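Let me begin by handing over the structure; questions about it come next.
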Amino acid sequence: MTTRPALDELGLATGKKARLHRILHRHGLCNGTAIFLPYDQGLEHGPRDFFANPAASDPKYVISLALEGGFNGIAIQIGLAEKFYWDFAGEVPLVLKLNGKTDIPAIDPLSPVNATVRDAVRLGADAVGYTLYVGSPAQEHDFRQYLAIRDEARELGMPLIVWSYPRGPAVDAKGGKDSFYAVDYAARTASELGADVVKVNFPHPEKQDGVPAPYQGKFSSQQAIEAVVRSANRTLLLVSGGERAGDAAMLEKARQSMEAGATGLIFGRNVWQRDHDESLRFVGQLRDILAKYPS
Amino acid sequence: MTTRPALDELGLATGKKARLHRILHRHGLCNGTAIFLPYDQGLEHGPRDFFANPAASDPKYVISLALEGGFNGIAIQIGLAEKFYWDFAGEVPLVLKLNGKTDIPAIDPLSPVNATVRDAVRLGADAVGYTLYVGSPAQEHDFRQYLAIRDEARELGMPLIVWSYPRGPAVDAKGGKDSFYAVDYAARTASELGADVVKVNFPHPEKQDGVPAPYQGKFSSQQAIEAVVRSANRTLLLVSGGERAGDAAMLEKARQSMEAGATGLIFGRNVWQRDHDESLRFVGQLRDILAKYPS
Amino acid sequence: MTTRPALDELGLATGKKARLHRILHRHGLCNGTAIFLPYDQGLEHGPRDFFANPAASDPKYVISLALEGGFNGIAIQIGLAEKFYWDFAGEVPLVLKLNGKTDIPAIDPLSPVNATVRDAVRLGADAVGYTLYVGSPAQEHDFRQYLAIRDEARELGMPLIVWSYPRGPAVDAKGGKDSFYAVDYAARTASELGADVVKVNFPHPEKQDGVPAPYQGKFSSQQAIEAVVRSANRTLLLVSGGERAGDAAMLEKARQSMEAGATGLIFGRNVWQRDHDESLRFVGQLRDILAKYPS
Amino acid sequence: MTTRPALDELGLATGKKARLHRILHRHGLCNGTAIFLPYDQGLEHGPRDFFANPAASDPKYVISLALEGGFNGIAIQIGLAEKFYWDFAGEVPLVLKLNGKTDIPAIDPLSPVNATVRDAVRLGADAVGYTLYVGSPAQEHDFRQYLAIRDEARELGMPLIVWSYPRGPAVDAKGGKDSFYAVDYAARTASELGADVVKVNFPHPEKQDGVPAPYQGKFSSQQAIEAVVRSANRTLLLVSGGERAGDAAMLEKARQSMEAGATGLIFGRNVWQRDHDESLRFVGQLRDILAKYPS
Amino acid sequence: MTTRPALDELGLATGKKARLHRILHRHGLCNGTAIFLPYDQGLEHGPRDFFANPAASDPKYVISLALEGGFNGIAIQIGLAEKFYWDFAGEVPLVLKLNGKTDIPAIDPLSPVNATVRDAVRLGADAVGYTLYVGSPAQEHDFRQYLAIRDEARELGMPLIVWSYPRGPAVDAKGGKDSFYAVDYAARTASELGADVVKVNFPHPEKQDGVPAPYQGKFSSQQAIEAVVRSANRTLLLVSGGERAGDAAMLEKARQSMEAGATGLIFGRNVWQRDHDESLRFVGQLRDILAKYPS
């Protein structure tokens, strides 16, 4: 059992509800939970992320993995969607990532838009993704381009998943990007700005250097992720895997997140930076956790 | 086994393929066949169609029936979609019917557009429907409004199902609206004009008064429907139930259609003009037929 | 108590729900019922309608009457709204009638648009009105202009009230414009095409000349209006007063309508073609009926 | 009695008058005064503002509080409006806040737009809110985005409430953001730029370090707030509660403001950072004050 | 007699000529001269400018003064125009000031646009005003926004009055903002950029610190203002009163200006910072001067 809200309690318009229903109840475990496979690291970090498992350099391999692993969706950029999704169209939901950046220039964090919600509709996607850099000095620019996408997503009934990432020098000075404070603020910001789903990092309540006073108390991980889920309120919450880390720790984070009322997980490198069978074995462990939190 | 083409042999763009995949392989029998429930008769004929089974006057009852009966989609007008589909969003595919008319005025057959492909996208539909009156004196107007919809459907990756109906005085004078000649021509017209799926009546090769010479030979029903499927070529073909008729005859038509390579059936009044249990019993018989023609 | 659906069961988007809530629960009896004062007869029939009570020629008099009488809204054309509504802005809800016509030329029934939903928003209206002539040979043109208004109303969250009027030679030949058949079809057509509220005449089941077979049975007035309310399903139903008639008959029609699940009444000439005190006395009787059907 | 102008003396177009009439005369005390509940702090400050009363983290709780407390409106961002206002649509007026920011990055004060006046119309809002940072080095950018919103609000008849906040290093150097000088200038700026309503902090005439000479005289609080109301002229004035402070002081500010001709109050944290019953008790005291200033 | 050009010698398009004719020949002295009342100081300086005469804080008082004093126009910002001009519409010409700023932040001189020429047309204005800061480091931005307004004014036949003000550190270093050099350059710049009318300060030829060599000779005030008028060529010239100063000096400046071929005066604080009767007395003296320079 879970405390997370059902789809019909979220104030969703018809198209968004239809598409989220498909993702959450007709794919993966079909139990209202979700695990997504993000595969935009080729743009965000470059091919270096594929050196650990060269097979993962091939989009066809990774999308196949999403199918085999019973994922609820694959999140990719427009180029890969145009060239590779046809082969799998309708078999695994497509989350078209609408913005992205290289990590080469040292500039204010901002993820420029490179595709439209219309592109997503045209390709038969079931959701779009947008990276918002909460706390960036480029906030004004970020909010403006986000507004256009939120509005187009609304007009086309397309669920909007916000990668809500604390970033920038002020974030670094206030506990860093995965402090409880930063992650909590990021979840709430996505909700305030109208995300249907928000992707956050797992919060670290022990990172307290420079965080506002209310966050300087003693909080367990479980308490922190529960607060973050509450901050997201009617915005469904996904917990990100982030960089590859130890399996036991990852699984415990996943368990705590689901216990707190998260809707699911979005794990990329932790999955496809292993060899094929290892990937599926690890995904199986994640699915075992999700299976315990039907809605 | 069937002779009908697989989805990846139809020249479909990604979005259309994704949506048709969902309809054909993730709903109903999930075997590439389909049975649709059309429910636009409240507009086309008025409430008189519901006197046989007053419960069917309630759109919620009929959409529920589509769910219970394992249909691959429900075809309705914008008003019912706006007000009733939310309750079922994503549970059964929506085919938004984009045009329709009352049967009151005595004018040249033409079905005016009352909704857009954008409406369909916004509501999370998986296909749109358009009634084309093949043979109508209003053909020029019909083709023009069809063009706009075909184009918008293409831009948004939305499968276009054409209700291809022979109509008008010239059709009446050449064997009538369900002659082999008329149905065959209607199937080919839909294909020539870019339909992804075409809905036709079952052809009657024995209706030969006034039909062109090539159709005046002796054809079995099976030969006729096979020819019609060939005329549709890469446009998937659905056979319509039409007015309510004897069950045995209907089932035999369904069997012959599937044998000929049709993709499925679209049965409305034959289903919901019965009481609830009878409806499901009859649908069960139709599904037994479809189950024999996986792809 | 009543069988009519509550606002939150109608599949309404937020803005439409907010505006209908204001009309139904914050004006008039504030009990979910409504009585509207239509005042577009100056365009539809010309000033001749005001000869019975010359004071009613003055829009300020009639809008004041709506306030005094505790109406839930006043339905007027753009010209009167621009010049007279400021004086009463927000005190009584404005229903901006978007189309209308003179009754002078003998042409196919069609009510041309003369204002936009944006006009209605700009003037602070809480609903817009559109006259649809069900059965008119001009059906295609009517549906097309209706589509644009339905869509704009949706985009702006503005409730759409359809004056659903059977008209045209085919209607005349099939029982006339207020037969049970015609009114029933009109109610369903408005629902199929997405009206939020439909205004119909009270049905006359005894008018059976030329109506389809199902309507040739024996139906009481009460049965007929109940069927019409069902045909409108999630579209709220208002019963029109039409031409001025005997009070007892009008009140009985009103009672039957509310008993059947109608949301309310829309009475114009029956109200303002009397002198001031008589108008208020009659409205008081109508309000007594509405008071018995809270939701 | 009050000296503040009546709605029909403000030069308002019809739609703005209708909507302000609803807010001021059909909600709250219905006497021309208003008390608004602002709830955008989740974006402006992050969830830390909810630690004092965790229940207030839930938007549904806070909007319910607005209803229970008899507020004239709730001011929220687009995300919460989309997901939570439907439940209360029309029961309490919605003020859609069109811009907002996180307080994380250290940049020139500017509140980026994240929603449109059309969004507000669509959601059935009765007003929109815009934060203008008077004195910010980003003034040029601020004025430009404000212009677009003022213009769209005018076209759609939507009242525009300006959060007129002195900010920036020059403000800090001239008496600070709540000096009489700064607040007075902020009120006038909103009026010059066409706000219909302006929200200001209560002026502190004792803060005189660096303020222009005319403000270096001896002014009582009452004189200061009276001058500020005059500076706003035909722009209705709301006094902000700001950070939570002592009740007696808050109530005295409220009384002085109303005495000076303010239209009302906008109190957020002072209300919802208490537990439920305490919130209502405090609001009751504010309402007692407003009740003495009908118009 | 005057040397200034008549309206039909200025190369004006029809609409601009019609509106300038109204200003110059049907208001004020109706003799081709003009005296304007600028009232944008509430934005430019804040309410402190009204402390000298608190009545002047009320826009209604000041516009009434313009009527009583026989002014040819009142120059105000959009907010006051929207809320106060209706009361006087058509009685005194409106000059809608399209840009303006607060004087709080210490940034490069630039006056951001807050209204459009369309606003001016909509409100029945007879001219628009734009402040150009000649010499500002923000020149590029200033010219760009000026271009858009000049173009819109041309398309709509609206006379464009440029407040041509030398500003910025380079101006301060070269004789200051009212040196002959600076004022002369400002007049010519407005003419080069297409102003129909230019407002300048009275030139001070004795301010020579840092001015270019040609301006370091000995010039009388009269010579200087004559040169400035020549620099403006077919752009009509208005001389600004600036801060309040001694009456005799002001009147002499006015006389010299008119003698030089200026079209008129634009005096604000010198007028309304006095009490009512004093204002009118002073204006009477200015009108006596203008009366001597008919065209």
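Quick notes
For reference, chains read A, B, C, D and E in written order, and residue numbers begin at 1 within each chain.
In the analysis below, a contact is a pair of C-beta atoms (placed from the backbone, for glycine too) under 8 Å apart; a residue touches a chain by one contact, two chains touch by 3 or more.
Bear in mind the structure is a predicted one, so any value in this text is a computation, not a measurement.
Common partners of subunit B and subunit D, by the touch rule above, are A, C. Here A-B and D-E were compared by C-beta pairs in contact; the pair with more is D-E. Centroids built from CA atoms put subunit E at 35 Å from subunit D. Averaged Cα coordinates give subunit B a centre that lies 72 Å from the centre of subunit E. If you average the CA atoms of subunit A and of subunit B, the two centres end up 39 Å from each other.
Looking at subunit B, residues 82, 86 sit in touch with two or more other chains. Taken together, the subunit A residues at the contact with subunit D in this complex read 10-11, 134-137, 139-140, 142-144, 146-147, 150-151, 154, 166, 168-171, 174, 181, 184-185, 187-195, 212-215, 227, 230-231, 233-235. Every residue of subunit A that touches subunit B in the complex is listed here, in rising order: 13-22, 25-26, 81-82, 85-86, 89-91, 94, 118, 121-124, 155-157. Of all residues in subunit B, those touching subunit C in their complex are 40, 42-43, 46-48, 51, 54, 57-59, 77-80, 82-84, 86-87, 100-102, 104-107, 110, 112-116, 119, 141.
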